[in-house]
Amino acid sequence: MPEPGDGIAALRTELAALHRMLVDSGLVVWTAGNVSARAGDDAFLIKPSGVPYEHLTPDSMVLCDLEGKPADGEQLKPSSDVFAHAYVYRHRPDVGGVVHTHSTYATAWAARGEPVPCVLTAMADEFGGEIPVGPFALIGGDEIGRGIVETLDGHRSPAVLMRNHGVFTIGADARAAVKAAVMCEDVARTVHLSRQLGEPQPMDAADIDRLYDRYQNAYGQ
Amino acid sequence: MPEPGDGIAALRTELAALHRMLVDSGLVVWTAGNVSARAGDDAFLIKPSGVPYEHLTPDSMVLCDLEGKPADGEQLKPSSDVFAHAYVYRHRPDVGGVVHTHSTYATAWAARGEPVPCVLTAMADEFGGEIPVGPFALIGGDEIGRGIVETLDGHRSPAVLMRNHGVFTIGADARAAVKAAVMCEDVARTVHLSRQLGEPQPMDAADIDRLYDRYQNAYGQ
Amino acid sequence: MPEPGDGIAALRTELAALHRMLVDSGLVVWTAGNVSARAGDDAFLIKPSGVPYEHLTPDSMVLCDLEGKPADGEQLKPSSDVFAHAYVYRHRPDVGGVVHTHSTYATAWAARGEPVPCVLTAMADEFGGEIPVGPFALIGGDEIGRGIVETLDGHRSPAVLMRNHGVFTIGADARAAVKAAVMCEDVARTVHLSRQLGEPQPMDAADIDRLYDRYQNAYGQ
Amino acid sequence: MPEPGDGIAALRTELAALHRMLVDSGLVVWTAGNVSARAGDDAFLIKPSGVPYEHLTPDSMVLCDLEGKPADGEQLKPSSDVFAHAYVYRHRPDVGGVVHTHSTYATAWAARGEPVPCVLTAMADEFGGEIPVGPFALIGGDEIGRGIVETLDGHRSPAVLMRNHGVFTIGADARAAVKAAVMCEDVARTVHLSRQLGEPQPMDAADIDRLYDRYQNAYGQ
């Protein structure tokens, strides 16, 4: 996994590959979803606006400052979600990557404005509780970014369901944010299906805490 | 993206590739769906009838006049939907491409004769409101084409759900019509799932207007 | 498409390819589904029992007589569904191919013992009415075959839902039976989804007749 | 299919391939699922913790003793589910392979704590009755393993739904356990869908017995 210190070139390559993962995971159709990655202290890379995933290359990723303004020399316009990403990077210095999708099941919860309850051990592991719902917000200014940051404040979840819209996820790096987007859709789908035929059994808050702590601290290599 | 001015050959290649996108997007099975593209002032290209997608080549696309009659020298019969496409091209000079599918979720709404309500920002972007329902109409004459044109008149949606049948979409070119078909199935599916567990929250008409205007005018490169 | 007159070798190749289509169409998992093809007047070829699809070759198809007995020299045991296929070939001289699957949505209707109502033009085209339900029957003798033949007698549908079990389809050749299996799952899924949120609108019997007649006689090349 | 006698190397290769089957069958996302295989009398091989499926190689499989302790020289930490697998191998000498997934439909039943009723001939074949539900249990000790063994004791099913968690399956070898995981998700999905629109028809216990006996004894080559 590249670090900013590896230079922008490595990060561009990583970001193009992560967009491919969004497609392969079935989280996006056409051009509706994007990944960004913090690049040093005062910039980030993001998908260009309206470019089909199959045409994305490392070079097509757009370097922007933390206000969402493209760097000199960039040929393409950044994603129209650029200001939401920028807001998150400005207000959450711990965040190194942001993902936005309209993945189907998560967006179905978002359209009802209903959080996904934590009724699976896999949810406790990754989200540490429910996946919360943020406000309805129009694109183009700070409104979406502020909704993301304010909603995630006070939750352990790296994912937020923006009302009538879709999902934003954050992570220590872009790959972690993609993982959160994949897991968000997976658990949103499983809990949706479970509720179709009755009520999932609730989990104890203490069990959720134990699972979250173990997964965040002891899982992996 | 080829323009008619590039000649018919380029348009045939584009049209074969767009049929491949219908398959890859999961919108069609066997031979049940087709794309057409306007070719100059008084003709269009369309899929041949009953030919499996994996056998389609640029040469197998059938050039027809605006009454749906194949041009001299065409070896294959055009899609049996040819008269619906022809009617649209005759009555909508702004339309450069038409797509027909029986994509699953959209057709499930069509079977109930129920429009897909606009409860997602992605729907506001692409459809500018609900996806409307057209009449039940038998294949083979002008009945389906007239139903498409009359239903879309008065809606911003480039997609119409033909009752007990499936989806027709239009676009400035064939690729735009394919995009509308992909987005139609995507939002039909998300709203279907959302409604399974309750009621999606309505969106303000003014917000839908703002989103539609921005997406149509400011999105992309 | 090979004809029996092309010899058994061509039919073996075709049959291996058709099993691949079952897999690619998502109709089967593991080893649960099979295709057979009539081979001359008194024999048919069928999948071997319990062999994974990825290991199937033209040579692994098992030639059987119309009682389901493998021909001399066959190394592999035929599918345990062989007697059902054999019964159909004995009693329906018009049938050149038989397919069996547990495809998901069709089998969900079969588990309730409920026919799929004809509420889609695509159903009228291919099935000419509802997809009927056959009896519960145990594997290993004539019981399933008789259930298939007796149920399809009096329906235009080439597909039957065997209660608590799955789907059998027939066709003039094996490819037509595979097409019926693909279309059966497709419409079973669409009608299932449509009914989840209300009642699909019924179609007039006269319209179903017209659509069926046109599709069977005028569609394709 | 390799036998332990073929040596550990062959088993490592087999186990890497079986993880690929979990991915291709859609049973797992990201790193959430694992396969293990008994390796001789007092050891088993298992997936390493948190390693993406696309990075797995035969060498990355971790050899552990029956307490779940990695063998000397192993570079990677075993799956955090290692103690559940180890418990099963210690208490079920007939078991040669164990699989764990969070496959969607099976986990949806597990979240409600509801067994999948046996209403399909394919379920009778593979599971010989319902797929039972085991207790809620925290990861990291013997609790999950004990829940698996105690729940499967008294059922013919090789699959158990662990409450609010996911699926564990067992088999004579790892491939058989993967088959059980594939079939478990398939029938959990079909029965779920069937119940969405009504009640599946029950099957006679005697019919289930006959189907199970035949499938276990007469099916395959």
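As written, the chains take the letters A, B, C and D, and residue 1 is the first residue of each chain.
In this text, contacts are C-beta pairs under 8 Å (C-beta built on N, C-alpha and C of every residue); 3 or more make two chains touch, one makes a residue touch a chain.
Per UniProt, the chains are A, B, C, D = L-ribulose-5-phosphate 4-epimerase.
All of these numbers come straight from a predicted model, not from anything done at the bench.
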Task = Determine whether chain C and chain D, two copies of the same sequence, contact each other through the same residue numbers or different ones, counting it as same when over half of the numbers at the interface appear on both sides.
result = different
Query = Quick one: chain B and chain D, Cα centre-to-centre, how many Å?
reply = 44
Remark   = So, in whole Å, the Cα centroid of chain A is separated from that of chain B by 31
Note = Going by residue number, chain A touches two or more other chains at 196
All touching chain pairs, where touch follows the definition stated at the start = A-B, A-D, B-C, C-D
Task = State the interface residues of chain B toward chain A in the complex, per the touch definition above.
result = 25, 119-122, 179, 182-183, 186, 189-191, 193-194, 196-201, 203, 207, 210-211, 214, 218-221
Remark   = Per the touch rule, the chain B residues reaching chain C in their complex are 29-32, 48-51, 76-77, 80, 102, 104-105, 107-109, 111-114, 136, 138-140, 163-166, 192, 195-196
